[in-house]
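Each of the two complexes below includes chain A, the first together with chain B, the second together with chain C.
== the complex of A and B ==
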């Protein structure tokens, strides 16, 4: 009889929600709206501010440098996402395969640890390893007889190099999440499949992969979003170079805002990023059902 | 993948090699940080430092407020974590344990904003913090990281699995919501709280883009921003850069060696149903 009559007053609910909601409104929702508002103005070099409606968006649409940044961002995402999710999945399968051994835990820890480093540490390490003259990675590759161009100085290689660095940094995190999803698959399913004479590959394709689908799709969404806002490793390793070959959207935003002081145009880039990411989020709700996020 | 076939052994050996290669960049960072400069640029490169030196570490620690950066990082990460946990708990409670009109709709709104990163808001946040006269202070960095819906979601996943009978029993005993939350729900939710603490702390510890914009004076820098300044000053003096990176990586490494399993478990929970 006491099941449902939860005596709740509106005031009490509001009070419980208030602390969180206040921060959310002030520092999440508010800035999104404020950012849009700022994007409607132009700052000139004397600090004079003029309302120009959607002019900044028109400027972006005409700016080859913006399209270059968008192309670089998409190129980075297209490489980094499969690398991060793919390597994460592979490592998860390995780690899952040896989960009963003590060493397995240490191996998992080793693969996971780079995730705990700040982006500056990661960027500095890999910049040093890929130094055109003294980078140990290049030296090792060359001594193996493989051609190793100075990755960070070559427009064609710089984005792949950044993607690889990012994969090293983040794949361990994906691995841990996938490993947890693998553990959720009941042992009986494997047993049954094995009794039916299914091979390892068959088990993977018909049982493991379908059951991992939600986790993989969710990882794809999250990784895509982090790909769109890539910044720190680019700033540290290449500062957008050579030329503008690795200037990504977040770096474009940063430069227009804090180097060229075009606050309106920078804010417009923020709005564009917001729209892209919100779109991806809502799309993922459709694919996965928003319940899958819970 | 049974325990008796020879497979796991082969797999284990192969993985050990792979794991060693995987952590090799860390080794290279530490090694470079203690090599004298000529050894750093020796060809062919030497694996181990021939004559280890503390010179680079000395430069980082004496010419830069490195300890202060560490302290700043600790302050920012602790404030972010403590405040997020405090505001997320009651919100997660009303979203799971109580029924009210509009609950699911509001939840969906928070949910849609969950994946919106801080990065898209740096320009408006800069204006906002400027107006509040908070630029170049700790609150400028941590305030925007607090209202992150992930906190509610994480706790919510856990709260929903606590039987409603427990609330009812407490209610019969005359407990209000606050006491139910404090005496019934929270004691049962330690794993979720631990997960949230770990998640938020790592998040705040590693935040880069917004911190770089919000902080302008070197004494206020957090570790990632300080390292960036170090790079600006020495560009390709890799001994100093790797010494700084090593020092910055050390706290994470030490903590991880001690808390390895809880950290991995906590991180796992953030995406675990």
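== the complex of A and C ==
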């Protein structure tokens, strides 16, 4: 029997953590470490496993296709992350403003709805919407006299089109995050600001935005991860095309792993993605003044 | 998986019968040793996992065959799992590596060089010659398809079908264009005349060369034109690209010319255009048959026209295989049951033809009355079979790195088709990348 209070406390903590920690280690940490481990080998799932050190990383460094995929991923992330977080924030402000009306609740549910769809459904819907012959989006744009390029078959447009699709899909969840954070801001602060004669913009910049920082950080980290591991919508909507204009890193990884069966090289791409996402997450903490939380 | 006791007799037993039986057993156990009455003895049921990469209409047709198999067998049951086309081979490799492979699987003929390591050699298995055990004989199968199922002197594949691309055309659009709907084009000149007539007189899209225009489909369309001139993707030793030459260029230029001549637009989906009644002619596989039938388009089907020196089409075959099994999971008895199930599936592959639109490789199934009298046969399969028998079918590249070679070619062929890259540049870039892949 454990008698020492600190010892008891440590054991209790460990016991409470155990159910989560066991699964987290087994299904999260374990695969990550194993991924790094197999990135050091040449392995095609069935044949011999050969240790090649950093050979897979050297192959990536020499592969123009990898650099193209990295460029596409960065381009996508640079567009999609601000779009998702920005639209999510705007939607949250809007539904917060109309929160007391019945229509407001319906609108909030409607904005959130796309997030409930699976990526394959989202991809198929938007592929249809952007079909050069039958796409509603193109038909509407043309009827308005606007130019409507075949978005998914045009190298200049394909990444923005994918980013827009992803924003439609994911912004609703960010809206819910920001909406919850808005609820936490005390009404007294708004009242005091108004008494001091602050404008709407001033209230937003000096009160709302600073107090939303924790939610912004969470949304940014979450969206950074989504932005860099984008895969399903690309596979379904463009398969990486036209040419390789939308082949992103996750698709490159998938092809090397599951089509070419080069698991080591695919794992190396996974490690590169991990390092990029970790780096950007740490930067987000720093940028929003949370480095002391690290 | 393996032996279970939930046989069909057990499943159909009434609750009353079960209670009576249970009471009798309890009473018997109470007084001494029990001998199961014959009426209550359940047959041992062997469950075999059967994984395929089929989806849509193909999957429904295979389900039909498996349902018939399970209804016809008391002691063997097939557990069917389907629908992972893209990841199928990776999953198969992973399952074999983990010692948990399905007992029956599917393999394309064109993948034999990179998949054979995951398969059981059927004529030299640990249970002996499984082909002999099941009575599977090469003479019962289409010869070319049967012959392609051997690697290093060992047979790994039992052919299920042949599938290929052909020319689907809209008879109403043909009439509007002043063309004879009973005489679809067979030569390049006839084909070009038809395209121009459809474009100018019927005022609609004339032709789509590549199904839904995915990069791999556009590559296949180019291959049809290239192979039709006797071209080959790689050098005979398989170590260098061989397509960046006059024939490859002529093929790609002709393909890109289809867009330049206004027969279609880049990036469009031929499946949808044809089903919407807006497309005159479409090159597509036999799997398009169920969609064409459902579309209400008054369609016809014909051979791929002779674009260059010889009429050629892209084609491949699905084969039934036994993935590599561990003895502790799969007994010799189960291997024999698996090969017998494979034979049964082939013997009933006329269903595969009628509902899946594929040409059975099993010759007696090709002659089955149900198939020959079916709509599928009359609408398209008879022509597909003709194409196979006339030697139109060209298999895709059979090479250990075929998926990577294809992936290296596809973006450049697509860009040339889209008109964003000159065919000569596209081939040069594709050649450089293929050589890089082959030398790495």
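Here, the second predicted complex is superposed on the first by the 255 of 294 C-alpha atoms of A that agree within 3 Å, B and C clash if a C-alpha of one lies under 4 Å from a C-alpha of the other, contacts with A are read in each partner's own complex, and residues count from 1 in each chain.
In the analysis below, contacts are C-beta pairs under 8 Å (C-beta built on N, C-alpha and C of every residue); 3 or more make two chains touch, one makes a residue touch a chain.
Computed from a prediction, not measured in an experiment: that's the story for all the values here.
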Greater chain A contact set [chain C / chain B]: B
Contacts of A:59 with chain B and chain C, given as first, second, both or neither: second
Chain B versus chain C as contact partner of A:213, first or second or both or neither: neither
First, second, both or neither for A:202, with chain B first and chain C second: neither
Partner chain(s) touched by A:23 [first = chain B, second = chain C, both, neither]: first
Touching partner for A:260 - first (chain B), second (chain C), both, neither: second
Chain B versus chain C as contact partner of A:142, first or second or both or neither: neither
Which of chain B and chain C A:94 touches, first, second, both or neither: first
Which superposed partner A:134 touches (first chain B, second chain C, both, neither): both
Chain B and chain C contact sites that coincide on chain A, given as residue numbers: 131, 134, 257-258
Chain A to chain C touching residues, read off their complex: 44-47, 59, 65, 131-134, 150, 152-155, 239-244, 255, 257-261
Chain A contact footprint on chain B (complex, rising order): 1, 3, 7-8, 11-12, 15-16, 18-20, 22-23, 25-26, 28-29, 32, 40-41, 43-45, 83, 86-88, 90-91, 93-94, 97-100, 108, 110-117, 119-128, 143-144, 146-149, 151-153, 156-157, 164, 167-168, 171-172, 177, 202, 205-206, 208-209, 213, 223-225, 227-228, 231, 236, 238, 241-242, 244-245, 248-249, 252-253, 256, 260-261, 263-264, 267-268, 270-273
Touch list for chain A against partner chain B, complex: 2-4, 6, 8, 10, 12-13, 15-17, 19-32, 34-35, 38, 94-98, 100-101, 103-121, 124-126, 128-129, 131, 134, 136, 139, 143, 168, 173, 176-177, 179-180, 184, 190, 200, 215, 218, 221-222, 225-226, 229, 231-232, 235-236, 250, 253-254, 257-258, 263, 266-267, 270-271, 273-274, 277-278, 280-282, 285, 290, 293-294
Touch list for chain C against partner chain A, complex: 86-87, 89-90, 93-94, 96-97, 114, 117-118, 214-215, 265-269, 272-273, 276, 278, 401, 403-404, 407, 411-412, 414-415, 418, 420-421, 433, 440
